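Presented below are the structures under discussion, each in the form of structure tokens.
Look for chain A in each of the two complexes below; its partner is chain B in the first and chain C in the second.
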Partner chain A sequence: MAISSEKRNLLIGGAIVGVISVALVVLGNPKNMGFCIACFIRDTAGAVGLHRAAVVQYARPEIIGLVLGAFLISLIKGEFKPRGGSSPMIRFALGAFMMVGALTFLGCPLRMIIRLAGGDLNALVGLAGFVCGIGCGCYFLNNGFSLGKSHNQGLGEGVTFPVLQALLLVVLLFVPSILIFSEKGPGSMRSPLFFALAAGLVVGVIAQRIRMCMAGGVRDIILFRDFTLICGPLAIFVTILIGNIAMGSFKLGFAGQPVASPDGVWNFLGMLLCGLCAALLGGCPLRQLILAGEGNTDSAMACLGMLVGAAFAHNWGLASSGDGSTAHGHVAVIFGLIAVVVLAVIQMKRKEA
Partner chain B sequence: MVDARGLSCPEPVILTKKALSKKPSKLEVIVDNRAALENVTRYAKAVGYNVVSSDKGDGSYHLDISK
Partner chain C sequence: MKEYTATFHSHFGAVKFNHNLKRMGITCALRPVPRALSSSCGTCAVFESEEWNVTNLDDVEGIYIKEKDRWLSVYETSEN
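Coming up: the complex of A and B.
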């Protein structure tokens, strides 16, 4: 059977993202964290002082690059389109809970793939939770869940989020002294600024063109038996797996994995919450950043939700660490699951009367 | 007809799926973003329909889906 051009592009794009992830780790990013949207938004929240966890603070150029890459390519391709107004508050909350779930597991869906490719079996437990979470989200989607229609917005509304990223880049380049940078821990492990920025730009362009989404692949299989979008994550997984084996950094097991919590139950439930939120939002954290770059201010709200969620996760001691998950985190994940399910039920349209 | 303007994926595809589950000989779908256009097209083709899409120039795309 011939492979569709969409699948081929996703396989090639995924492979490039995989190579870039490996390169980022080689050049200094934390292990198994070449490109983690949740971790990097969390680090950025710390850099601007939204939380005071001293080990995870740095304005990650990868995030800035992602948004600006998607912004520029969508402008060039005529796909930049300011729109918004589809339940922004719910999207903010879903973004925040998606982050709480991800930081309980210690990674966004992209890092989950990266951790799996490093042999971290805790990520397999997370993957199970993620798939179940998306399955729950699909149930709500199939039964009329909707966040309502978005509407066209003015140019200013659409460019504000990318411009804010550009401003952060200016601060990072010219007045870094007003930002907070970790001196030890994951936040202190960084690839060179311009390489990280370029990596973000390239991945932003690729992800915008091929609609890469970690959640969409699983969702489309469940909803439509469609295996197109899953090609992206698969290609990332295989590429990084090969890279790790080639460099001798593949280590199969549960114990002693880099920046990973060993609490299986909470890895599962954290990613369950993350997957559920991603399915309801229509995309994983990476996809939300890309859409925000395209002028989608609903996704920008989800991104701000992730930023604030990350700040709360550390201010209130919800986030896990290598030592395991926290009691506060358990409460937050359970509360998040209940809150999101209630929201989803409320947003299910009545059957046409 | 399915008017999925303003909706982001996967909603346009779900609406299309529901409409096509009644086995119509033809269906018109309107979307207003490229991702939705691609996803609806892919789905309709996968379940055995032909798709002809046209760019209406106002940011929306019309898909004529037929057996």
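Coming up: the complex of A and C.
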């Protein structure tokens, strides 16, 4: 059976991302957390003092690498295009709510796949919520939801977000004393800095080239019955599954999974919120970082929303932990779902307009 | 009859374009944008027509035609 070059690239790229994720865990990252955009942005928020949860503070080099990798490869390939101005405040809010949903589940959509490949069945519940959230988002997209046109912007606007990441790297390398580093908990579990940075750079390059997106894969199946983009997440899942089985770290079940909440209802609703926001934003948290690296300042706004959302999630006790979800988190997820649906309805336009 | 591929500023722009062309009896289908045309993962409309200029192009970013393995641009919005 012949497969398209796009699918082939996604399968190869996804497999490489899977291998790198396994290597990151072997070298020190928390289990089932080779990559997690939500967790790593949350850790970075803690490292710069935006929240005070002592166990999740570390300026993750993977995030810096992802943005800079996408930035450099888009420059080389002539795809760096500073663009923006498409409802920046709504994108900021959607980014923040996407993070609240992800931290209720305890992982971004990428980590959801990674957790699933480790045998964590809580992630299956999260996946169901994520798919439903994207389904709801597709309903709004097909019925008039739009954040408006983006416009070309100046070079300075486009490079600001990648340059901020580069500055954070300089601080991490040369003046780490002004950052906060967790001494215990997930934030203290880290692979060597230069390996993590290189991993981020490589995955940033790959994700930019093949348009890796966890939400896009599901969205394209729902909207077009197109199975191209889903090849990326599928390849990640299979590669990590094989890696976990080979190393004896595959553990099937709901209980006792690493950095996972056992609350099924809130895992479902958290990822429902995350999926809905990702569909309306046009991409999962990983995709937002990559697009921001390509000069898309709308996505940079979503990334800043994720950063602030992560800070609030810990300052206000919204984020779940291994012990389960929190009452504050429940209120935030319900409020987030209502707020995002209201925003989506407000942004709907008529088909004949 | 030629097969054109139109890209848009937003998904809903593609939905409206598809809606208009179907009302005009033109064969049109929505698909993911091919990687060769864009690094974004938006929606494109593939339609069959003698002319590319068939309806309101307000939301259209570009219109392309594929010849052998190459995409040729036949229209690009002047808007930034």
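Quick note on the criterion: the second predicted complex is superposed on the first by the 350 of 353 C-alpha atoms of A that agree within 3 Å, B and C clash if a C-alpha of one lies under 4 Å from a C-alpha of the other, contacts with A are read in each partner's own complex, and residues count from 1 in each chain.
In this text, a contact is a pair of C-beta atoms (placed from the backbone, for glycine too) under 8 Å apart; a residue touches a chain by one contact, two chains touch by 3 or more.
Worth saying up front: this structure is predicted, and the values here are computed from it rather than measured.
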item: Partner chain in contact with A:S150 - chain B first, chain C second, else both or neither; value: both
item: Touching partner for A:K349 - first (chain B), second (chain C), both, neither; value: second
item: Touched partner set for A:T228, first chain B, second chain C, both or neither; value: both
item: Partner chain in contact with A:E79 - chain B first, chain C second, else both or neither; value: both
item: Touching partner for A:G216 - first (chain B), second (chain C), both, neither; value: both
item: Of chain C and chain B, partner touching more chain A residues; value: C
item: First (chain B), second (chain C), both or neither touched by A:E183; value: neither
item: Footprint overlap on chain A, where chain B in one structure and chain C in the other make contact; value: 6, 79, 141-142, 146, 148-152, 211, 216, 220, 223-224, 226, 228, 282-283, 291
item: Complex contacts: residues of chain A adjacent to chain C; value: 6, 9, 74, 79, 141-142, 144-152, 208, 210-211, 213, 216, 220, 223-224, 226, 228-229, 282-283, 287, 291, 294, 349, 351, 353
item: Contacting residues of chain C [partner chain A, same complex]; value: 9-13, 15-16, 19, 30-32, 34-35, 39-43, 59, 79-80
item: For the chain A and chain B complex, residues of the former touching the latter; value: 6, 79, 81, 83, 86, 141-142, 146, 148-152, 211, 216, 219-220, 223-226, 228, 282-283, 291, 296, 298
item: Interfacial residue positions of chain B with respect to chain A in the complex; value: 5-11, 13-14, 17, 33-35, 38-39, 42-43, 46, 59
